[in-house]
Amino acid sequence: MNERILSSGNVQIQRFFNLDTKAYDGGALSTKTKELMGLVASVVLRCDDCVTYHMVRCVEEGVTDAEFFEALNIALVVGGSITIPHLRRATERLEECRNTQHAENKP
Amino acid sequence: MNERILSSGNVQIQRFFNLDTKAYDGGALSTKTKELMGLVASVVLRCDDCVTYHMVRCVEEGVTDAEFFEALNIALVVGGSITIPHLRRATERLEECRNTQHAENKP
Amino acid sequence: MNERILSSGNVQIQRFFNLDTKAYDGGALSTKTKELMGLVASVVLRCDDCVTYHMVRCVEEGVTDAEFFEALNIALVVGGSITIPHLRRATERLEECRNTQHAENKP
Amino acid sequence: MNERILSSGNVQIQRFFNLDTKAYDGGALSTKTKELMGLVASVVLRCDDCVTYHMVRCVEEGVTDAEFFEALNIALVVGGSITIPHLRRATERLEECRNTQHAENKP
Amino acid sequence: MNERILSSGNVQIQRFFNLDTKAYDGGALSTKTKELMGLVASVVLRCDDCVTYHMVRCVEEGVTDAEFFEALNIALVVGGSITIPHLRRATERLEECRNTQHAENKP
Amino acid sequence: MNERILSSGNVQIQRFFNLDTKAYDGGALSTKTKELMGLVASVVLRCDDCVTYHMVRCVEEGVTDAEFFEALNIALVVGGSITIPHLRRATERLEECRNTQHAENKP
């Protein structure tokens, strides 16, 4: 679907998408730290698609389960019980990511 | 004012405040990373008091200006231009924190 | 799914879930009043899962249809037309709850 | 300021203000319960002016301190630590209301 | 489902629905401009059902693709990357509306 | 304060500010229509600084009082009574803008 938006011919939307991608590039802060920030921001703003995206990216950056749940706990405390359904779905996505990783690592 | 809330005799509110404090203790993730997450969450949820609190804590944890602005850029991209007034005030607070640091470091 | 989150080993998340449950225990205010507050908060924050949860709990606490729609009207006025899709789904859930009640009460 | 808005000649805004006022009239639920709902909704949506308004109305409806803090605790658990600055200011307003009540009750 | 809500017998909810409908009637501003405002408000508040509704109404009012994407770009800049999943679904809806229009216009 | 943020050396923040400015340039939609959209988005997201900014820009683009209040009514219906304090302050700003205009137009 991003392709359809980008093919709209609206140059400013394309530039925004570009800025969005670049925001998570490593710099003074590592990509891993930035993706964790993106995850926490997505949980407190309660966007499942965004949570899934950053969850997958965090797994790719080597975030451990202990790190995930400390990050999710901050989002829970800041954002309150209204974030719990998103935490549930985030945990479900994490389990799927881990299962995929295990399957790939099998000889 | 926290004291007045805590003196209300409501034990559950006290427990929440306790959980809130502990969420930023170092564990699998460092306190510095957690305070940066708290900062990003506060900007996207647009709470000036919370931004100021985490800004001061980040300065105490040794966050550099380059790190701050990369964190604030993520908040800006995720949360949009509606966060700009909060970014302005965060930058103002940062400048005050840096001035205080410089004054303290003078011989 | 709550079980998976709780089995993460993150003690603070467990404590938060505990505080969340206790917040609706009867005290100076009745459980019924508190669940109605939880319903209104869930509608204005626009979380369908939370609305469904408190809707079911309110039905268990004996909330009548007239009470429901007065509570939903407050949420609608405070939160605006953006809450209407959630009101629709809340009404659908209510109807399902009432149908279940009727089926159970049949001789 | 409401007068200036109402003197704008926009009939629909006037009708909205009218609906807003009527939403808290006693019906199947009492005005006291409705004002407490308005308070919780205002805290989770983080509007200080709205919190102050419903706080004053709750005091007029005879809400006790224990009832207030149970209601504020629900708002805190649902809405998270981002609501704490508003809880602080709500507590400050409550203290002012109570001081006014004590002054009025002195012989 | 609106019918079920309206059949609840709650007169105030009915009046709110009435005000909601009338807000988009042409006056000093045209219906087209008002529906575009409703679209932008729905995107920044991130409500898919509301986005779909105003998208369909905008198509009926003759909004062109270039106009749509300029409106969506404002919503994206104001509301940030958290609105992107809603932009994606809005673009999908737009494509469906255009396909329907083309099918209807075929001889 | 924008200057301080822009002097941070963070190029991406500068690019975002640039996109933000360009979003309101006239194109398929006029600047006037776009500023009205910015106003409505700012009211429903409840940001006073943003409301003031777009209010001033709308006045510069020749928006009439009748147009303003129709736009504010849409924001009120979509966003609910929680937006009323922002409507009040918007009305206050409008009055100031009009007084300034009258003073400038006096011979």
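Structural remarks
By written order: A, B, C, D, E and F. Residues from 1 in each chain.
Operating definition for what follows: contacts are C-beta pairs under 8 Å (C-beta built on N, C-alpha and C of every residue); 3 or more make two chains touch, one makes a residue touch a chain.
Quick caveat, the model's predicted, so the values are computed rather than measured.
Under the touch definition stated at the top, chain C and chain D share these contacting partners: A, B, E, F.
Taking each chain's centre as the mean of its C-alpha atoms, the one that lies farthest from the centre of chain B is E. Here the CA centre of chain A is 37 Å from the CA centre of chain D. Chain B and chain F, compared by their mean Cα positions, are separated by 28 Å. Averaged C-alpha coordinates give centres for chain A and chain F that are 32 Å from one another. Among the residues of chain B, those touching two or more other chains are numbered 12, 16, 19-20, 23, 41-42, 44-45, 50, 66, 70, 73, 76-79, 81-82.
Against chain F, the residues of chain B that register as touching in their complex are 46, 65-66, 69-70, 72-73, 76-77, 81-82, 84-85, 87-89, 91-92, 95. Taken together, the chain D residues at the contact with chain E in this complex read 12, 15-16, 19, 22-23.
Residues of chain B that touch chain E in their complex: 44, 76-83. Residues 19-20, 23-24, 27-29, 33-34, 36-38, 40-42, 44-45, 50, 64, 66-67, 70-71, 73-75, 77-79 of chain D are the ones that touch chain C when the two sit in their complex. By the touch criterion stated above, chain C contacts chain A in their complex at residues 1-2, 4-5, 8-10, 12-13, 16-17, 20, 41-42, 45, 47, 49-50.
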